[in-house]
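Two complexes, one shared chain (chain A), two partners (chain B, chain C).
Take a look at the complex of A and B:
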């Protein structure tokens, strides 16, 4: 498979004003050197705690934010060399769905107008009747009906609003859709519906997804590959197969997984493993490995220099000095946790 | 889909404006205000039908008459019927309100949108200009501009508008700053909308309700300022039946003919009150959708 999106050493620093006149120049290192490749047709899951920079990374990929440094290629096109007009034309090929369905839709536009805009901007359909038909087809594809056309967003439920957002993102038949926690604001039952809808649409339209979530249990259901982000860096990238086998090489990945609440707390056999300490400030990331302050395996080398993302086995990348130790020691716990997922898998 | 069955019965699609009207309707005082405004507008339109005399018709034998069945509000020093003049005065008042608001809202809203959306040095220049305009008392600044332009109703309106745009600019800028953080603006960019289109179709409709509230407060204050300028001899010129001008001339006969100044004064008060009631009601009706 060839890659649809590729980044090289991508960085985004946000300036923080401090002091009375903003004299001291500090920066939040939201994304701090990310090399990422998303292949055509796959679903790449991106996980991490709040504030680790995963949403910022997603926006950089669509150039909704300007990176501080680095390169982005979209289907071989250098995204950063494009001017405003070229970029707007290219936007036909990318879509985005946000976490908050209510705020994603313009409250003063009807559903019809919301879905018509992408077609108008990219002049995809000339004839008004055809336009209407395409919009209705799209609405039905996401599980809504013609009568929703004249409605305003506030008249729909959260799940329905999210369906409209999805319809808006894919009505131009894009190649790539960024899903920024599209299910986190929804009820569990609606979450499942939306996930299934996304899977179906991907099969029908051959979409490539970047699915951002803080919830590994959602990601492992929908993703082909998963990247784990910590403090602006990707610390591990793996296949879903490795994950299901419990082959995890980075301690942070393991703890992220283990920290998800137990499905049947009364059946819990071992003690809940929780990660101690706070996420360090992204304004002043720790020296060496960013995770060493919270890592049980941290040695001297982890404090001194930062580990590179290296391939530990085929298609499995990890940025850690102790991958084997992590894998062996945490595997029993990880496996036990994974059993829980198997029991709920469809 | 299970979800979509909920909306099966045919209900009319409710725009947010319709919901705002439902909330507005519940406010009694606002409805009274709306009633006053409608009456004044009707008076302005049908003044020639309603007025018993022409506003300029002099009855030199009946000068400074107290209110009677012949002259409902009495007469002035030329024997002109004050009732007719007060009715006709509503035309000047509304004209001032509409023209001033049209000019100042157009300037202020445009600058406020640009300022809030683009930020940077554009924002800095516009907002510092607003600061300068606001550092003068409104009437004094308007006075200074009229002195430069020369007295007269049209110049007075221009002067008031040149002072009034600043509040639109500031409110619209603040609203724009908050609306542009909404995800639907980012979504608009993600589907390839241009900046102009985002401003016109996405941000403007969402700050419009605040602008409407501001307009209903701005109309009465424009009327008062215009009346004040007329009172000072810099606005409407005789023989205009303008309320402010009438009060100014009535001042000389305050002890001799108190009704002369009372009725135009009452007219100003009622008009201002009506608009303010509506403004309050509108403000309360518009805000809940921000939260809920």
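Take a look at the complex of A and C:
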């Protein structure tokens, strides 16, 4: 499979003022050297805790933010060399869906107007009747009907609003859709509907997804490959098969899974495996491996130098000095926890 | 185990410009001493309305009928002066967003001091030492300097710990935790859930946990009450709810959890949407979305009945759910 998106050493620092009268210039290291490849037709899941930089990384990929350093390629095209006009043309091929549908839909526009805008901006359809047809087709594809056209966002439920957001993202027939926590604000039953919809649309339209979420359970259901982020860095990338077999090489990935609320009362998080402490400040990340302050396997080398992301086995990348030890020691716990994804009711 | 809190035939209506919202429709529920009872339901099902009704914190446009009996006393009939002694002291509460429940202009120790003063709590040492000690119990690192911090200087997890510590100061018999971990990251969420389990173990605190997250329920609940559109549809031990749900709504909810992989299974779709409580459907409020519904379900509201020991369901078609 060829890649649709590729980044090299991508960085984004946000300046923050501090000190008396803003005298000192500090930087939030939101994304701090990311090499990422998203393959055509796959769902790449990106997980991490709040503030780890996952949303910033997503926005960089569409160049909605200007990177501080690094390279981004979209279908082989160097995104950073493009001017505004070229970028705008290319954006037809990219869609985005945000977490909170209420604030991402214009409250003063009808659903019809909301869906018409991308068509107008990209001048995709000239004829008004044809436009209307395409909009109705799209509404039906996301499980809404023609009668929703004249409604305003506030008249719809959260799930229906998210369906409109999805319709807006795919109405230009994009190749790539960035899904930034698209189900986090929704109830479980509505989340299930939206996940089913996204899976179906991907199959029908051949879409490539970057699915950003803090919820490992959702990602393990929908993703083909998963990347784990911690303090601006990707610490592990693996495919879903390795995950299912409990082949986890980075301690943070393992603890993230072990801390995830059990989906079954017999697979409760045991108190010994709770990760202590909190995520350090991204303004002044710890030296060496950024995780070493919370890591049970940390040795001297982890404090001194930062481990590179290396291929530990085929298509499995990890940035850790103790991958084998992590895998061996945490595997029994990990495998036990993973069983919570199996007990589906008949 | 004794019953610490009993809710009997509770009705809550809200008067609004658009009409009467029938938010709670005849809820009966027992919370047993020393247990963690989870009240689970989706947005707008009325779970937070119940917690506010218990604390008597509902807004003025609410009318409440029924009984809420706490240790033999009907809270709904107590004079406000008596209720004030129970609120915060006998019954503690923590909320979803600790930033809005802490006063931003007072330090942590200032606001904790208030608890000691209002409820005239006994202290062995100085109040400040007592506060530092409580902060240590909830594992706040560097407790002495943290006690002097303002809420904005603390992280979300730390703020929630302060709320728990504040609640601990009065050593309540019952803790109502309304979505206590929803705003937190999973690793912090796990820490707070462990803290709640410690409370239960060390102080025998009874916990009424209100949440929309089945994962949190699976983690710490002993028993579960499932709510739908203002009614309780099922009450059972936690394992039963996950392995043997008998109400069609509970069953669909369990099948909607993201288990398995997209290549193996589709998640359960519950058709339709939650009803508008201005005009709730007659009879069982779930019937318009229920695959098993027939004329009976549209007629009268099903009573909640014990169908297996300790397992209560409000459904005419329990047999059907089980056999299908």
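Here, the second predicted complex is superposed on the first by the 334 of 346 C-alpha atoms of A that agree within 3 Å, B and C clash if a C-alpha of one lies under 4 Å from a C-alpha of the other, contacts with A are read in each partner's own complex, and residues count from 1 in each chain.
FYI, contacts are C-beta pairs under 8 Å (C-beta built on N, C-alpha and C of every residue); 3 or more make two chains touch, one makes a residue touch a chain.
Quantities reported herein were computed from a predicted structural model and do not represent experimental measurements.
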item	value
Touched partner set for A:157, first chain B, second chain C, both or neither	both
First (chain B), second (chain C), both or neither touched by A:240	second
First, second, both or neither for A:188, with chain B first and chain C second	second
Contacts of A:340 with chain B and chain C, given as first, second, both or neither	second
Contacts of A:296 with chain B and chain C, given as first, second, both or neither	neither
Partner chain in contact with A:98 - chain B first, chain C second, else both or neither	first
First, second, both or neither for A:70, with chain B first and chain C second	neither
Chain B versus chain C as contact partner of A:285, first or second or both or neither	neither
Residues of chain A at both interfaces, chain B in one complex, chain C in the other	157, 159-160, 190, 193
Touching residues (chain side chain A, partner chain C) in the complex	49-50, 157-160, 187-193, 195-196, 199, 214-218, 220-222, 240, 244, 255-256, 259-269, 271, 274-276, 278-279, 340-345
Interfacial residue positions of chain A with respect to chain B in the complex	59, 62, 64, 88-89, 91-92, 94-96, 98, 100, 103-110, 117-118, 121-122, 143-145, 147-148, 150-152, 154-155, 157, 159-160, 165, 168-169, 172, 190, 193
Chain C residues within the chain A interface of the complex	42-43, 155, 157-158, 185-191, 193-194, 197, 212-221, 238-239, 242-243, 245, 251-262, 265-270, 273-274
Chain B - residues contacting chain A, complex	1, 3-4, 6-7, 13-16, 182-184, 186-194, 201-202, 205-206, 289
